[in-house]
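Please read through the structure below; I'll follow up with questions.
Going in written order, the chains are labelled A, B and C, and every chain counts its residues from 1.
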Amino acid sequence: MSNHATHITPDQSVFTRLSGVATPGATAGIVLTALIVMPFMLGGSWTFTLGLCFANSIGVLAVSLLVRYGGEVSIGHTFFTALGAYSVGVLDTRYGISLWASVPLSLLLGVCFGILFAWPSRNLHGIYLAVTTLALALAVPEMINNFDSLTGGYEGLYVATPLIPGVSMGMQRYYVALVMLVIVCFAVARLRLSRQGMALLLAKTHPAAADAFGTRRVWARISIMGISGGIGALCGATLAFSGSTVSPGGFTFWQAIFLLVGSVVSFYGLSLPRVLLGGAFVTLVPQLLSASGAWIPVFYGLALLGMILLGHYMPRIRKAMSRNSEVS
Amino acid sequence: MTFWGSLVYDLFPLIWSGMITGCLYALGALGLVMIFKCSRVVNFSHGNVAGLTAFLVYGLSSGVLMSLSWGAAVLLAMLAAVAIAFLIYSIISPVVFESDLTSTIATLGFGLIAQGVTLLVFGADIVALDLPIPRFAMSVLGLLVTGYDLTVLVVAIVTIGALFIVIDYTKLGIAFRAISENPFAAEVCGLNLKSVHYFAWITAAILGVIGALLIVPTTFLSVTTVATFMLQAFAAAVIGGFASLPGALFGGILVGVMMNLFTFYVSPEYSSTFLLGVILVALNIFPNGILQKVGGARV
Amino acid sequence: MDQLTNALRGEGIALSFGGIKVLKGLDVEFRAGEITGLIGPNGAGKTSLFNCLTGAYSPQQGTISYAGTPLNGLSPAARAAKGIVRSFQHVALCPDLTVRENVMMGIARNCTAGWLSAFLPLPRGRAERVEMAHAADAALIDLGLPDVGDKFPGQLPPGMQRLVEIARAVVGKPSVLMLDEPAAGLNNSETRDLTAVLRKLASTDLVMVVVEHDMDLVMSICDRIYVLNFGEFVAVGNPEAVRNNPDVVRIYLGSDDDE
């Protein structure tokens, strides 16, 4: 009767190696170096796409974090990404305020709305919470279109104010996304070592034990939803800046599912390479398959199933292989 | 207009049509609940698979794929739905016994595939798919009752009645109830969990097809119509407690009526937000479903 | 006298679930400096009483107090803050945390570093983590587990996991330590190690309560024993008196088959 999506494999060493909860610094360092020099080797359109990859990686991270630290699955994170994206979009187009002010605002809004959502749903777990987040995702496009005086309705908003005046906008869109992603990954890696992070992990696996040592369940739920909502909003803010446009099409119910697919594809990893994998999946698959749109959902579905079945059978195959090697 | 006048002209017809739609939500919700009750999986592919089969009925009867009669097309589509449900459960069954949340995510994958296949075969066009029923309308106590309304009502009552009889009196139905109560004890007693799960998944698929065929005439058929319809069914299942069949029935009718009243009296533009609010409120006040508090659910 | 004033007391504790009386007005006193055993056949109400004392259940009647301070209505977390800690019948260690980190959770509630320290490498949070790690290592050494800090709980045998759990309970220097079936699932040699550790832990100002099935363990470590059957105490006294009590003998001989 386990409700924890992550608490599945009995093989702890495999689990921790796969998890990415502890960041292997070296891999992240190599990946990061490669990404810093990337724009000098690629064309403008690829630089733009990579910027979106970074932004989506942050969103994937927000979903994975909720799974890892909260044991809960969200199908509604577009609510938070929309919140962040429209904070940036509205401040930019209506008031000409750049990221310096709009990113902190979107973080604040994301955290606040994460908590606001967590409070009424604090007693919901597993599937019940997932269905509730689904309802949250469905309400998003409707809200955007109904506030069209602010959000520009279907047409959306165009973000053009640079963060640092004078520097090429293409470069800014890339590097801002990269810096945001690195900061968020770093902060999440720190969380793993903090007492709050450890308390959340204990509360996820053994709520009664956490309770006995001073961590209340409701605190754990509200904290993790606040953090995850905040990171989701940062994803939206980055998407708005790097993608230059904010429109309802980016925050549909399907987009929320794609974020979850990205999270599953990266095995709910929290390290930089892992979330990049998820973000790249979410960004690149629609681009590569754009000529044949109908294949996109099929491909996503197959990838999702493939990863879940792989996660199911891999520990078994590994065990069988190690048994064989012991025999021979 | 006087208060009473508006009541008769607006409220009663709204409640009536809400109840008709609610019956359809209940059909969808019953399928979701059947699957959830025994296998603890929320089947997110329910809407998309039902949509695909509705398209199959259209394709088989309109000449896109074949030019069969409506009845033959429905029969073939039902068989396809059963086969799809069988396939889906066969693929995810090893995961079902491991983690209910992971297998729930897996059903999202099947939903995506079903949607993609629909797009690939039938395209993104909007088509019309009507029921072969006589068109008439009559006035009963001031209410306008159409042939469609009566068809929905009769089909829903017959289907749901048959379902409850199967669950209450057949061997498979009793096994289903036993496994829903306590899967471990039921397995120890020699019941085959998997065969009961198959029963639930296949029954749910059939209910889904019936619901889809009945809802499509009110609008039109597109890739997302049935999936959207199933989302109301989700709300109905949640309000009913997700583990109670009478709760699903009650929840469906409640959602149907409430949505109708909300869109008419408040705003049609915030219906999804309203649904979110209803779900949150319902889950907080009735964490085990609306019937649990009122009188205790039977099935 | 000190050991009497710093006692965990329950007076007239009554608990029922839907009409079934699980505890029928119990008076208990767990004294500091003693190891008190709580035994009885399955379904006697041991775990229910335990849960009332730790705050997981709230009894319908009766008062629970520690050193004269009433505890009724306090959550498990609030009782933990007063130094009343427990272990769990089924090992409740977090598999994602190392052994050291699991033990650190026993004192995490004393930390004051805020959310900013959780995400940024600020000196305050780091210093607290180092401090907690030292305390955790010291507790692990006390329990005879000097080298397992960096391992994950899943890599340890069940006996060691149990000791890690006890380390988590004692790292915060509790005033009341409640152990729920500490020997469950342990083999003989592991139980012997546990016995030695529990004896070592006993001190003049610590109230230690052990709920246990293993008679040998209870008889060898406890100073006083409460025997519970059908929600009532059948016998109270030192191991010798309890062992010779005819009612106790009857209960245990009578229920031998289903143990």
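The definition used in the following text is that contacts are C-beta pairs under 8 Å (C-beta built on N, C-alpha and C of every residue); 3 or more make two chains touch, one makes a residue touch a chain.
No experiment lies behind these values; they were computed from the predicted model shown.
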Lowest number of touching-chain links that must be crossed from chain B to chain C: 2
Per Cα centroids, the chain farthest from chain C: B
Cα-centroid distance, chain B relative to chain C, in whole angstrom: 50
Chain centre separation in whole Å, for chain C relative to chain A (CA means): 40
For chain A paired with chain B, centre-to-centre distance based on mean C-alpha positions, whole Å: 31
Numbers and ranges of chain A residues touching at least 2 other chains: 7
For chain B, residues contacting two or more additional chains: none
For chain C, residues contacting two or more additional chains: none
Chain A-touching residues of chain C, taken from the complex the two chains share: 54, 56, 75-77, 80-81, 85-86, 88, 92-97, 101-102, 104-106, 108-109, 111, 113, 115, 117-121, 125, 128-129, 132, 152-155, 168
Residue numbers on chain A that touch chain C, as the complex places them: 7, 10, 12-13, 15-16, 19, 21, 68, 187-188, 190-191, 193-199, 201-202, 204-206, 208-216
Chain B to chain A touching residues, read off their complex: 36, 40, 42, 91-92, 94-95, 98-106, 108-117, 119-120, 231, 234-235, 238, 242, 269-273, 275-276, 279-281, 283-284, 287
Contacting residues of chain A [partner chain B, same complex]: 1-5, 7-8, 73, 75, 120-121, 123-124, 126-128, 130-132, 134-136, 138-139, 142-143, 145-146, 257, 260-261, 264, 293-305, 308-309, 311-313
